[in-house]
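Heads up, there are several structures right after this.
Shared chain: subunit A. Partners: subunit B in the first complex, subunit C in the second.
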Partner chain A sequence: MSRNAHPHAMAPSKPGRTRTAPPQLPDQFPFGGRYLAYTLFDLTGILYVVLGLLALCAVWSLGSGEADWNAVLERNRNLFSVGFHGIALVGLIFVGIRFFGFFPKAQPPHVGPLKPPPKPVILVGLYALWIGVTVCLSIVLAGGVF
Partner chain B sequence: MKHPLLKLEPLIWLLFGQGILLGTILLTPWVLIVGLAIPLGIVPTDALSYERAIMLGSHIVGRLVLLGLIVLPLWKGVHHMRHTFIDFGGAERDALVAPLLYLLATIGSVLALVAVVRL
Partner chain C sequence: MSDGHSKKTFVVTRFDPDQDAAPRKQSYEVPVHPDWKVLDALNFIKDEVDATLSHRWSCRMAVCGSCGMMVNGEPRLTCKEPLSQYGDTVVVAPLANFPVIRDLVIDADGFMEKLTSVKPWIIRAKELAVEEGPMRQSPAELAEFKQFSMCINCMLCYSACPVVANEPEFLGPAAIALGHRYSLDSRDEGAAERNEVFRGEGTVFSCSFANECTEVCPKHVDPAAAVNQAKLNAVIDWASSLVLPRGGDE
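Coming up: the complex of A and B.
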């Protein structure tokens, strides 16, 4: 069932000269067809806010002293935390794949005299950056270097 | 008069875009090691003992990574939450919800800056 969207959501700044029908939400919104991935992508916002706040708590605790930092490591061991981070990892991979998929298509044809590299080159570069940073930072965090 | 949020739109979009790109790139190893590998015993806890964690975190590169790791995902998150709220019929309350969400991200960003400075 479609329903009326907010009537001013797509209103132009000045009224047009022709009458237009009010915007309608698509029938398949929010979880049908192609809207499933769209809605899930939007919902990862909640995941990112929670991850950002958890990282803030961890860094704050690190600055507060050894006891607080050890408490963070201990808290991360509980089943709920491990489960959440497992879901978070799936969410991060989903966001990365989706975003990197449309990033090359979203590039302008040129910026002044400069043209962006071919789309496959951008895509490979993005994945190389993601995998490279993940491997390097994981090695550092896991105690492999430094 | 232009709504203040419209004036800030380019900055918000910059932080949102970098939140998706850099936030995802930085959060992946953080979640992998701090959230999963150490709690599951795959990586020994000593890898992030207090002494080692403070040594890594207090380095200038460490501080920048930690700042990006906190701030950028917050902005990506609140911007997406705002649009999810609008998509689910909350457009009429956007004038209230959007400033609240961006205020949350701003407070989180300021606290993140304080947190990395005090390391």
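Coming up: the complex of A and C.
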């Protein structure tokens, strides 16, 4: 407990009866112990922003002629780009598994008369969807369809 | 000193608002019994070593939720934590993310305000007359919310929650779980009112599903599930108000 949290964290709307010491952050926050997985989960957002920008550039080059598109493909062959995409893939799998693990319990017991399917069914459905989309995208990107 | 005792060092956070500018650490050597919980050692310090130490406790059976503290950096109920699971040094501090009134006593006023803001009571459009008899509830209907009613308001979840640490206005796990518990109750008709609260700033949509509240809950409640179920309910309620006639009102 060495660092101050937000000084107004949990402060009541009216002044307290006595002077209080400011709230402290948990020792391990943000990179230690129980917080590591959560922080890594959130940090993967940076990867998605960069990936999104790269995807936009690639789509833009598609409309700018074959030379531009080939230049994009060439840029993606260098070691840095391959390494970045490898890290992004690991990040995506980590986030997917963590999110899918939490997803079933986030379903309310019922929505009107409808009840969610059993948790194992939700999990199998999510993984099947993920694998299915990945396979379809891979086939398209490999030129198997178009 | 009777047989079976060993010594442990307790590093305890001290803060006297009349004298200290900021919290400080103080060490105590305590002869501990193998059966003791962390709270027993704190009570020993209070009774035998330093009567100025302040800490909260009441039931000693993990029911009242008074004795939550950071033990070796983790939010724990001190009456539930056996000392045998800790090493020679035990660090005890007040719950993280809360202002400290004195030593290990935190200011829970903000938490109490958050609890009441979710309207944690059964709301009825029209009260039943006495002659109509009790409101009945089936075991299946009870099972939908029962786990959320096991919360003892110990505030460990607020101490573990990284969103509470970063966003002080966040309504927080226990308050949302409590509101959600009443919205799930088959006798209640106030879900729409609570969804209004949940759609406000700093409520369910501030939660980033760290799940730490669930991890530290000493009563095995799943506040993270409640918060994220409340998210979905708030969205469905809002969407139905847009597309259904008369905003979905009966």
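Definition applied: the second predicted complex is superposed on the first by the 125 of 146 C-alpha atoms of A that agree within 3 Å, B and C clash if a C-alpha of one lies under 4 Å from a C-alpha of the other, contacts with A are read in each partner's own complex, and residues count from 1 in each chain.
Methods note: contacts are C-beta pairs under 8 Å (C-beta built on N, C-alpha and C of every residue); 3 or more make two chains touch, one makes a residue touch a chain.
All values reported here derive from a predicted model rather than from experimental measurement.
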| item | value |
| --- | --- |
| Contacts of A:L114 with subunit B and subunit C, given as first, second, both or neither | neither |
| Larger contact residue set on subunit A - subunit B or subunit C | B |
| First (subunit B), second (subunit C), both or neither touched by A:P26 | second |
| Which superposed partner A:G63 touches (first subunit B, second subunit C, both, neither) | first |
| Subunit B versus subunit C as contact partner of A:S138, first or second or both or neither | first |
| Touching partner for A:T18 - first (subunit B), second (subunit C), both, neither | second |
| Touched partner set for A:D42, first subunit B, second subunit C, both or neither | both |
| Touching both subunit B and subunit C, residues of subunit A | 5-6, 8-9, 29-30, 39, 41-42, 99 |
| Touching residues (chain side subunit C, partner subunit A) in the complex | 13, 15, 17, 20, 22-23, 70, 73-75, 93-94, 96-102, 107, 109-113, 144, 158-160, 162, 164-168, 184, 208-212, 215, 222, 224-225, 228-229, 231-233, 236 |
| Contact set on subunit A toward subunit B in their complex | 5-6, 8-9, 29-30, 39, 41-53, 55-56, 58-60, 62-63, 65-66, 69-70, 73, 76-77, 81-82, 84-86, 88-89, 92-93, 95-96, 99, 103, 129-130, 133-138, 140-143, 146 |
| Complex interface listing, subunit A residues touching subunit C | 1, 5-6, 8-14, 16, 18-30, 33-35, 38-39, 41-42, 99, 102, 105-111 |
| Contact set on subunit B toward subunit A in their complex | 19-21, 23-40, 43-48, 50, 52-57, 65-66, 69-74, 76-81, 83-84, 86-89, 91-92, 104, 108, 111-112, 115-116, 118-119 |
